[in-house]
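What follows is chain A paired twice: with chain B in the first complex and chain C in the second.
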Partner chain A sequence: MHLHKYEKIWLVFGLGSLALFLLIIGFAAFWKGTHPQSHIETIDPQNVEAHESFKPENLGLREVADGKYIVNIVASAFNYDIGSDDAGKPVKTIRVPKGSTVLFQVTTKDVVHGFQVAGTNVNMMVEPGHISRLETVMKNAGEFTVVCNEYCGIGHHQMFATVEVYDE
Partner chain B sequence: MAKDKLRHQTTKNDDTSIDLKGTFISVMLLGIFILVLWFGIYALFLSR
Partner chain C sequence: MNKHLNFTKKESRLYMSFMYVTFASLLIGGLMGLLQTFARSGKFQLPFGINYYTILTVHGVILGLVLTTFFIIGFQFALLGKTVGLSDKQRKWAWISFWTMLIGTVIAAVTILVGQANVLYTFYAPLRAHVAFYIGLALVIVGSWIAVFTNFRQLYVWKKAHPGEKSPLLAFMVTINMAMWFIASLGVAASVLIQFIPWSLGYAETINVLLSRTLFWYFGHPLVYFWLLPAYMAWYAIIPKIIGGKLFSDSLARLSFILLLMFSIPVGFHHQLTEPGIDPTWKFIQVVLTFMVVIPTLMTAFSIFATFETTGRRKGYKSLFGWFRHLPWKDVRFLAPFIGMVAFIPGGAGGIVNASHQVNTLIHNTIWVTGHFHLTVATTVILTYFGVAYWLVPHLTGRRLTPKLNKLGIIQTIIWTLGMTIMSTSMHIQGLLGGPRRSNFSNYAGGAQVDTWINYQIAQAVGGTILFVAIILMTYIFIQLAFFAPRGVQEFPIAEEEIDAEPTPKILENWYLWIGITIALILFAYTIPVIDILKHSPPGSIPFDWPIGR
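Then we have the complex of A and B:
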């Protein structure tokens, strides 16, 4: 088969890009452990309180080690339940110091919701029956808005919270 | 007449004479655009 000189060049370029991106996917999946955020672990969406992480008293921010945090959240139409403060008011803002490692654990009682901390790499789907987990290092200080980015119904736009990363 | 026909047939398969410069440039521009975009987004991912 005879190929034009230019054809050979762009075929090599195309195949090279394909090989490069496949390598990157393999690297991300096998070395870096990148995978879908909803794992094999399932939960009863009718009874999320039965799960240790989603008991009402365990919701919200918790420091588990120096600079390591876990945030447990139950999403529902149209709210993120991040626990309540000492006065019994619902928490809407999470405050963590810059550079801390935060593991977000989110589940939903009803329909599919989104969980995106806009301006960071935290962005995942929250599906009923599954627990979505994403661990991240809060590299940059600032105020980040948590938004639901999966249309979940009439009050979709009312689903928000704030993550505040402060300089120590 | 016969000579003309013969010439026509030989040039038909001779693709070195086809001008693919424009195609080549557009294919490469598209490829470079995709790569630049990808690495730009990756840099954004790393910085956040």
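Then we have the complex of A and C:
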């Protein structure tokens, strides 16, 4: 089978770029730890409260160390349960200072949902039986919309929350 | 050199039946798309209380599964009929395939329209549609399998009658596409038959969600190559004839199809990169396998442009780009697929972003992805299909593509390109800004971010409207070509090899070898992660009906 000289050059150039490209994303993933979220931790979708992180009193934002936060969230059609405030009203906004490190832990007690903090790198599938987990540093101040970005039923577009990053 | 066979009336009627369903689907699915962009603009309400997600499901199923499958199977039957022939018995099986698929389509469509299957075309568990939806889908797949084995039989019979000869290139390509389709659709068929149907009937209490998604995407990525390969068939083996040239290289064309077969299936995890239950190392391995598709893609790009240049130079255009300027721009059979090729450059680049492991996080499930496949399948693939229909339909109906219809086709192509540029670009940008896909209009919590999204959604409604004008025009052209254009003979263009072409190595037709490697790659990419999924599976999921309004 004959390959034209130009085609050889073209393919060598293409394959070289491909190899370099794969090396870069592989390096970032395995050495820099930027893998997409995968924790393979399971949970009973019909009894998420049995898990320490998803007990009703543990939902919402918690500061675990200076500048380090954990947010526990239970998704269900068509709501994110982020706990309730002192008056007993459901929390809709997560407020953290700029520069803080936030670990989002999300699970679902019914169907598949999405969890994206639009404008950041936090973007996860949330599936029944699994815990989705991603840590990020909130570098920019502002209001970020949290959207369910996986179809979960006819109220899918009404499922949202807000992350507010404020200047200290 | 192969002689090309003439179609009998009965054969033509068979192939045309697939085309009728194709273009009816285009009109219905396109109308749904128009309504979606209107609803998402926030300026209009859907009439008669129709649910947004019902029309979204119709749009995805009718265009992504029905239009494509009917066109592809009809077109491929015509290609085989032309190159290796169709016996009376094979024609009967082809009709059985057609009717099985059509009945399945109607069952699924009715279930969706009465609001019992607002699950979108991916039907992710544990949302539960009415069982009729799953049965309808299963029938479409089974119908397509009848076509698969009829096609295999057609080539087999030809080979028996032509010992020692290499198979016609187009017949080889069709066989590759059908082999890929069969191996891939086993996954979704297993999921529908073993998981969904018993669970939706209540025989199984729970379903393994992650397994069902993995089986779906084992099928879901080869599905998009199943759409693309018929376009490649036209680019490799038909367009050269239309521009007055010869085949660039029979062997390289075959090799690129073999590579597409091997690297189309063991790659489904790149649709599941942000899922919590799959080991990231296996995700990365499948990402690497995904990118192997770059090789046949670069080969295809090279061979197409080499054909263009060789043909032009042979016609005497000597200047650096003279061969390019003198391509038959005023022939819609060339122009429509050519724009499809151009759209594949940004389309392919976007695809690289999507499949890039951690980079995927930026755009996963945003409307960027919708923008991406409207460039690839809804521009590259569909404009090539249209480019085929301009000659295939009149060839089958014994009519001609008149200069007037050719001109209308060119206008159609331009309107489509304009509408899609506006719609797809605004989807890409909105997606980069975090706007989600598959969502009805929503203000969410308000704020500047959401306002920006809505502006792009208005742009999408403008693009969608222009596209719908193009769809109406295409429907008009199809009806003209099918029923009203003047009688005559329209050529079925199939490119020939150069007289002094090198012989094609025999190994390229060693099916055991190539299908063996394909299966080995699938086993490599999937065995361990699937065992992991089964071993570490959480308690299963009970069905949910109320979220989809049942």
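Everything below uses one rule, namely that the second predicted complex is superposed on the first by the 159 of 168 C-alpha atoms of A that agree within 3 Å, B and C clash if a C-alpha of one lies under 4 Å from a C-alpha of the other, contacts with A are read in each partner's own complex, and residues count from 1 in each chain.
Quick note on the criterion: contacts are C-beta pairs under 8 Å (C-beta built on N, C-alpha and C of every residue); 3 or more make two chains touch, one makes a residue touch a chain.
Because the structure is a prediction, the values reported are computed rather than measured.
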Go through the superposed model and pick first if A:His2 touches only chain B, second if only chain C, both, or neither.
-> both
Of the two partners chain B and chain C, indicate the one touching more residues belonging to chain A.
-> C
Regarding the shared-chain residue A:Trp10, is it in contact with chain B (first), chain C (second), both, or neither?
-> both
Identify the partner contact of A:Gln105: answer first if only chain B is touched, second if only chain C is, both if each is, neither if none is.
-> neither
Is A:Thr42 contacted by the first partner chain B, the second partner chain C, both or neither?
-> second
Touching partner for A:Ser53 - first (chain B), second (chain C), both, neither = neither
Is A:Asn72 contacted by the first partner chain B, the second partner chain C, both or neither?
-> neither
What is the contact status of A:Asn121 with respect to chain B (first) and chain C (second): first, second, both, or neither?
-> both
Thinking of the overlay built on chain A, is A:Lys139 touched by chain B (first), by chain C (second), by both, or by neither?
-> first
Once the complexes are superposed, what residues of chain A are shared between the chain B interface and the chain C interface?
-> 2, 4, 6-7, 10, 14, 21, 119, 121
Which chain C residues qualify as touching chain A in the complex?
-> 51-53, 118, 120, 124-127, 209-210, 213, 249, 251-252, 255, 272-280, 283-284, 287-288, 291, 294-295, 298-299, 302, 306, 352, 356-362, 364-366, 433-442, 444-445, 447-450, 502, 504-505, 532, 536-542, 544, 546-549
Which bits of chain B are touching chain A when the two form their complex?
-> 15-16, 18, 20-21, 23-24, 27-28, 31, 34-35, 38, 45, 47-48
Would you mind writing out the residues of chain A in touch with chain C in their complex?
-> 1-4, 6-7, 10-11, 14-15, 18, 21-22, 25-26, 28-30, 34-46, 77-78, 92-93, 110-112, 114, 116, 118-119, 121, 123-133, 143-145, 147-158, 160-162
Contact set on chain A toward chain B in their complex = 2, 4-7, 9-10, 13-14, 17, 21, 119-121, 139-140
